[in-house]
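Read from first to last, the chains carry the letters A, B and C; within each, the first residue is number 1.
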Amino acid sequence: MMKLKNFTSVEDVQQPAALVEQARLLKQQPLAYHHLGRHKTLGLLFFNASLRTRMSTEVAARNLGMEVMVLNMNADTWKLEFNDGTVMNADRQEHIKEAAAVVSQYCQVLGVRSFPSLTDRQADYGEQIITSFVQYATVPVISLESATLHPLQSLADWLTIEEHKPVARPKVVLSWAPHPKALPQAVANSFLQWLRLAPVELVLAHPPGYELAPQFSAGVATTHNQQEALAGAHFVYAKNWSSYRDYGQVLQVDEDWRIDEEKMSLTDRGYFMHCLPVRRNVVVTDEVLDGQRSLVIAQAENRIYAAQAVLKNILEHADT
Amino acid sequence: MMKLKNFTSVEDVQQPAALVEQARLLKQQPLAYHHLGRHKTLGLLFFNASLRTRMSTEVAARNLGMEVMVLNMNADTWKLEFNDGTVMNADRQEHIKEAAAVVSQYCQVLGVRSFPSLTDRQADYGEQIITSFVQYATVPVISLESATLHPLQSLADWLTIEEHKPVARPKVVLSWAPHPKALPQAVANSFLQWLRLAPVELVLAHPPGYELAPQFSAGVATTHNQQEALAGAHFVYAKNWSSYRDYGQVLQVDEDWRIDEEKMSLTDRGYFMHCLPVRRNVVVTDEVLDGQRSLVIAQAENRIYAAQAVLKNILEHADT
Amino acid sequence: MMKLKNFTSVEDVQQPAALVEQARLLKQQPLAYHHLGRHKTLGLLFFNASLRTRMSTEVAARNLGMEVMVLNMNADTWKLEFNDGTVMNADRQEHIKEAAAVVSQYCQVLGVRSFPSLTDRQADYGEQIITSFVQYATVPVISLESATLHPLQSLADWLTIEEHKPVARPKVVLSWAPHPKALPQAVANSFLQWLRLAPVELVLAHPPGYELAPQFSAGVATTHNQQEALAGAHFVYAKNWSSYRDYGQVLQVDEDWRIDEEKMSLTDRGYFMHCLPVRRNVVVTDEVLDGQRSLVIAQAENRIYAAQAVLKNILEHADT
């Protein structure tokens, strides 16, 4: 048994590969640990929109017998203050110190989703929201995607690669893809953070200017030549992110980086992956997304078992 | 046992009268099939407001032992694209193909509510949203009211008539009623579609210009004379709808069509029915709505057993 | 066993002290009555934002085995009309008569939260919303804070005082505190209404102009001198409210009334209390709130057992 206190990054996990294996086993018997969460409640706190994360995490919790309470933090409740020492005489009505401590009275595990501003790099990479919840909550906290990381997605992605890999050490390419609006770097950061610990040949491809933060890309084979990267790939993970250097900027919307069948033909019968939601015919063509080698729905299904493996470890740890 | 795959129209139902009878039996023993939905989840997706549908369908699902997840599609999650082949570079972030397929990984049955635009008749009557969910979901889909139909309401209405009919073949009048704003034709369309299959004498009354789409009104006795229609009626179902011909228009707000005690006195001790919400003293007077012959609350209660009969059939079909 | 039909005020409770004791016992064995709410549903209807009330009441209901349905009345559903005899031809789509009666078909207990306008004193103190729900619902109704009262908060506060009191009859001071925006009088009104029935020495302190409504403050020792009030206090309950006389007005934002360590040193090792959310360094300093004598998180925890005691009595009453 792994001791998991919080889950905000791969760094919270002692043995990531073992967690992937646990998720794979839970997928075979989703209800095997239905007793574990009895009379325990998971609180899901959303500062931002969610479809997959919200539903898959709720299913995961119920598979473990937990109750779930969902709170839309912008619509249902008070505006939160995160800074210390503030004189709270403006529009923020409640401090994270109270909010996190109070919610910890009602839930045995908390999940928190919050997106970055994409305007203040230092603040975003400081991860104030998720870090504050970890600091002031008195129960375990799970990231449902934070400003710069999306660990549940990466865990599901790793599981999906594990299930489909045609060779022991497949070539996995994370390729930047075009998008009309600025998106977070969280999925890409997390993917590198997790997959470089996996038995894969990891390659990162992006246009100049889209370098990721060094703490995530360091040591990962990187190229500006997408075609070269795709050659012989077993998995192509397409994802847009805005610039880290010119923070939060869309430097170009270059359709040359869109994934289509011609590019997929460069791969070794490669699978196509994306975390969703995906903009069709911008990030990837209909043909690829609707094709036999697309794994996007399988990835979404695996979000259940990623969340369930994390919750299971947290519940087991809480019991000891 | 009836084989029910989806429930979007009476046309999905092999034996509507038998489904009404099943709803009636479930009302006597709501928890008799509590085992049927164990460890199964109903996902309720709302593109529009709901009170009765949301709560009654949730109660129905829980009576069958199901879990329920509710998603407000406009507030909680991403904007959906429904057209094929689009280059998604505008404001719609996720395609229905992915959304429906993904949600099908998390839920064993889906319910979808979406209202019409009332500006584009062809699009509304094309029922793109509910049809797309049926097409791309891999689990059964229930209409919680679509652009042009509201089958759960009609099933509950039929049950209510069945419970209260004073004669074997009662006279049932669907009467247009005034309303300050343009409303869908869905309730009226569905009522005709279902009740013309019931053992009733069905009469449709509306002012000129408020003809319903021919596929629903064909063969139904129709009059522009409300008083004539009410004579001897056992049930008066009042409902406003906007014009089908001058699509989505409010042609008049004619209080002459409002239901009051004087009009009810023309009936054969007739019951008053309405699907709710109802605008008091516009559609119907306080006196009638608060009177002993009003069935509106009974109709709302029967929404539980309508939904439960549908879910029960779907769950039983899924098991075989 | 106490007979509790509705819970909108201390006046609905035969023996308030006995209810506090029941809450205390439930806290020791939260799941002891898990059978009581089986196959029963609590509907929580929110006209206004909520964090503690929403989550604690849901936990309370689940501890009793109930299902919970939450409805955001402004976002999820129709706009309600509360006046009798209205011709509903404006923007309100459903009358409370139907809404309350319909929801009573789906839930065995209802909770309702609604804040005051703070512009029309007579209307606010008429408590139209909660009173209408009590009148038209056919099931018990619980106030989750109404225009002028917050009885679940007061019950939790009394329990918290009971748990921490160092002497049999502690001195309890309700002190007005500064706040940048106009707030309801509900928490203060309720606190007086409940605590004057408790074995405490109750003192009310506020600046001139912040007198509470006479029906709540009559007979309570009152002073404009905060320091005098704090002398020897065992509990200091800080709370802002807007003026009752100059209705809904913020007469001053006087930091002299803010609670700080210096003021707390006047007390007899007094505990600090607040219902939350609290504006740090406006109502109270960080030092006091983060100190060992702050009970705010304990108060929030006790909201569970306050709600659970109320629900338990209602469920038991319903069974007889």
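To be clear about the criterion, a residue touches a chain if its C-beta (ideal position, glycine included) is under 8 Å from a C-beta of that chain, and two chains touch if they have at least 3 such contacts.
This one's a predicted model, so the numbers in the text were calculated from it and none came from an experiment.
The touch graph of these protein chains is complete, with an edge between every pair of chains. In the contact between chain B and chain C, the residue numbers used by both copies make up under half of all numbers at that interface.
One simple way to say how far apart two chains are is to compare their mean CA positions; for chain B and chain C this gives 39 Å. Across the assembly, chain C contributes residues 75 that each touch 2 or more other chains.
The touching residues of chain A, counted against chain C in their complex, run 39, 41, 43, 67, 69, 71, 75-78, 81, 84-90, 93-95, 97-99, 101-103, 105-107. Those residues of chain B that touch chain C in the complex are listed here as 31, 46, 49-52, 54-56, 58-59, 62, 72, 75, 180, 253, 276-282, 286, 289-290, 296-297, 300-301, 304.
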